[in-house]
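Here it is, the structure in full.
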Amino acid sequence: MSFTTTTRVRFADVDPAGIVFYPRYFEMLNGAVEDWFEQDLGLSFKDMHLGRRMGTPTVRLEAQFMAPSELGDVLTITITAREVGRSSCAITVLFRGDDRDRLSVDVVLVCMDLEARKSMPWPDVVRAKLQDQIVPAI
Amino acid sequence: MSFTTTTRVRFADVDPAGIVFYPRYFEMLNGAVEDWFEQDLGLSFKDMHLGRRMGTPTVRLEAQFMAPSELGDVLTITITAREVGRSSCAITVLFRGDDRDRLSVDVVLVCMDLEARKSMPWPDVVRAKLQDQIVPAI
Amino acid sequence: MSFTTTTRVRFADVDPAGIVFYPRYFEMLNGAVEDWFEQDLGLSFKDMHLGRRMGTPTVRLEAQFMAPSELGDVLTITITAREVGRSSCAITVLFRGDDRDRLSVDVVLVCMDLEARKSMPWPDVVRAKLQDQIVPAI
Amino acid sequence: MSFTTTTRVRFADVDPAGIVFYPRYFEMLNGAVEDWFEQDLGLSFKDMHLGRRMGTPTVRLEAQFMAPSELGDVLTITITAREVGRSSCAITVLFRGDDRDRLSVDVVLVCMDLEARKSMPWPDVVRAKLQDQIVPAI
């Protein structure tokens, strides 16, 4: 089962050509991941980072930009968990607007101990919830 | 009558101290102004910029930061129009969270012809709506 | 004596009108303040934030935008210290390009203990250097 | 032959964990591409976007994050052209600091006519210079 949220293309997101400057997509993507963690995995980024001193940096990312997005566009962002390891998680993030795919991003996140600066196993509760959500890539 | 919207402090907004990096407040402020124009003044930023080739740059800004905001905080942003001129508009933008003022910003916007790169009078419909909203500063 | 640095307007800084989106000016301003602290005051932002757990949040800011800046413009940023208090410092930051003032910003910074989340006195060495640099506003 | 430039990790670039928030790397990458176009390919982003109404959007991107970067780090960014097509160009962008690879990004850019919103052939002068620079991936 996937997680879905929406966002809107803001003035701050667009370039002189009137379309989204692509680094802004990754800010949107990160915002969607925050919502997913909090709503589906039971762990807010605030608790995670400031409380548990745990992070989820991106170690790998592959993006295909299919169609540009313009100022004012409403985008649907869908996150699908693909695979969960001891301390990593592969997800696919699809941005769509007006029934067209805008970009698709494959991301690998790693659970990191922010004090030790190295990877750590997912907390059991989080891993269990992640495993429940897995939809393997075709 | 004021316009109110809410936003949430994202990971992308906070600094190494865990609090909002202040330039991000101005991105939030600009997003709130976009919503206000579209919902209350009948003019979307898309139509304005890409269609009419009209912009509303900020010519003056005065901000007081009263209390820091943290990752995950939900902030209420209230925009109150203070004064409308031929081609300018003074507004006050107040950010609040958990019943505390976070920052208050006085902004002067100017209606600009993007082709000629100079100020132009507000379209009549916009000015009329702005005037209806005026709540003079005390 | 003032501190001067230069920066260049990047694609990431400009809006659909081809001019700097103003929150980006405040990122440039903050970058200039980083350089000033490191080069003139002997305190890098890294040592300050990650080592000493000390920050310098902005508590007040007043900006006047005199002329727009375009993609590719080289801007000179000049920081002049105006007044130093026990834990605060008032500075003026002027952006110029092609012999024209682009914006002028008066900023009040406060020295903050990031653990206690309250103001703290400037370290003596920093205050001494700040005082040497004061050029009172006319 | 590759193009090399340097940048510095700013306060604006780092997250609550004190390391670069990855969308900021893509802003740095885009800044490096701007310098490369202007210095090596003879085409500034200003002339390109505002004059010729031509853009170079990213259509594909693949990034591997090898080591985190911290506030104050000086990063070397090296751009190597890999392959040039009629209207596309594949490049590899490597970020290094203190003799360690931080991230490596494979990017495909496309030359776009901003009015027609479709791809267009590279101007001959640009393609010739791109071809001179090609270093095929191993």
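First chain written, first letter: the chains are A, B, C and D, and each begins at residue 1.
Keep this in mind: contacts are C-beta pairs under 8 Å (C-beta built on N, C-alpha and C of every residue); 3 or more make two chains touch, one makes a residue touch a chain.
Just so you know, these numbers come straight off a predicted model, no measurement behind them.
Engineer: Hey, what chains does chain A share as contacts with chain D?
Structural biologist: Common contact partners of chain A and chain D, which must touch each of the two, are B, C.
Engineer: What's the chain with its C-alpha centre farthest out from chain C?
Structural biologist: A
Engineer: Using Cα averages as centroids, what's the distance between chain A and chain B in whole Å?
Structural biologist: Between these chains, centre-to-centre, one finds 28 Å.
Engineer: Round to the nearest whole Å and give the separation of the Cα centres of chain A and chain C.
Structural biologist: Roughly 33 Å separates the two chain centres.
Engineer: Nearest whole angstrom, what separates the Cα centre of chain B from the Cα centre of chain C?
Structural biologist: Computed value for the inter-centroid distance: 23 Å.
Engineer: Indicate the residues of chain D shared as contacts by at least two other chains.
Structural biologist: As it turns out, chain D has residues touching two or more other chains at 11-12, 16-18, 21, 23, 27, 30, 49-50, 71.
Engineer: Specify the contact topology among the chains shown, as one of line, ring, star, complete or other.
Structural biologist: Topology of touching chains reads as complete, every chain touching all others.
Engineer: Looking at the complex, which residues from chain A come into contact with chain C?
Structural biologist: Where chain A meets chain C, its residues are 11-12, 14-18, 21, 23, 71.
Engineer: Which residues of chain D touch chain C in the complex?
Structural biologist: 10-12, 18, 27, 30-31, 34, 44-46, 49-50, 70-72
Engineer: Okay, in this complex, where on chain B does chain C touch?
Structural biologist: Those residues of chain B that touch chain C are 16-17, 19, 21-24, 26-27, 30, 49-50, 55, 57-65, 68, 114, 117.
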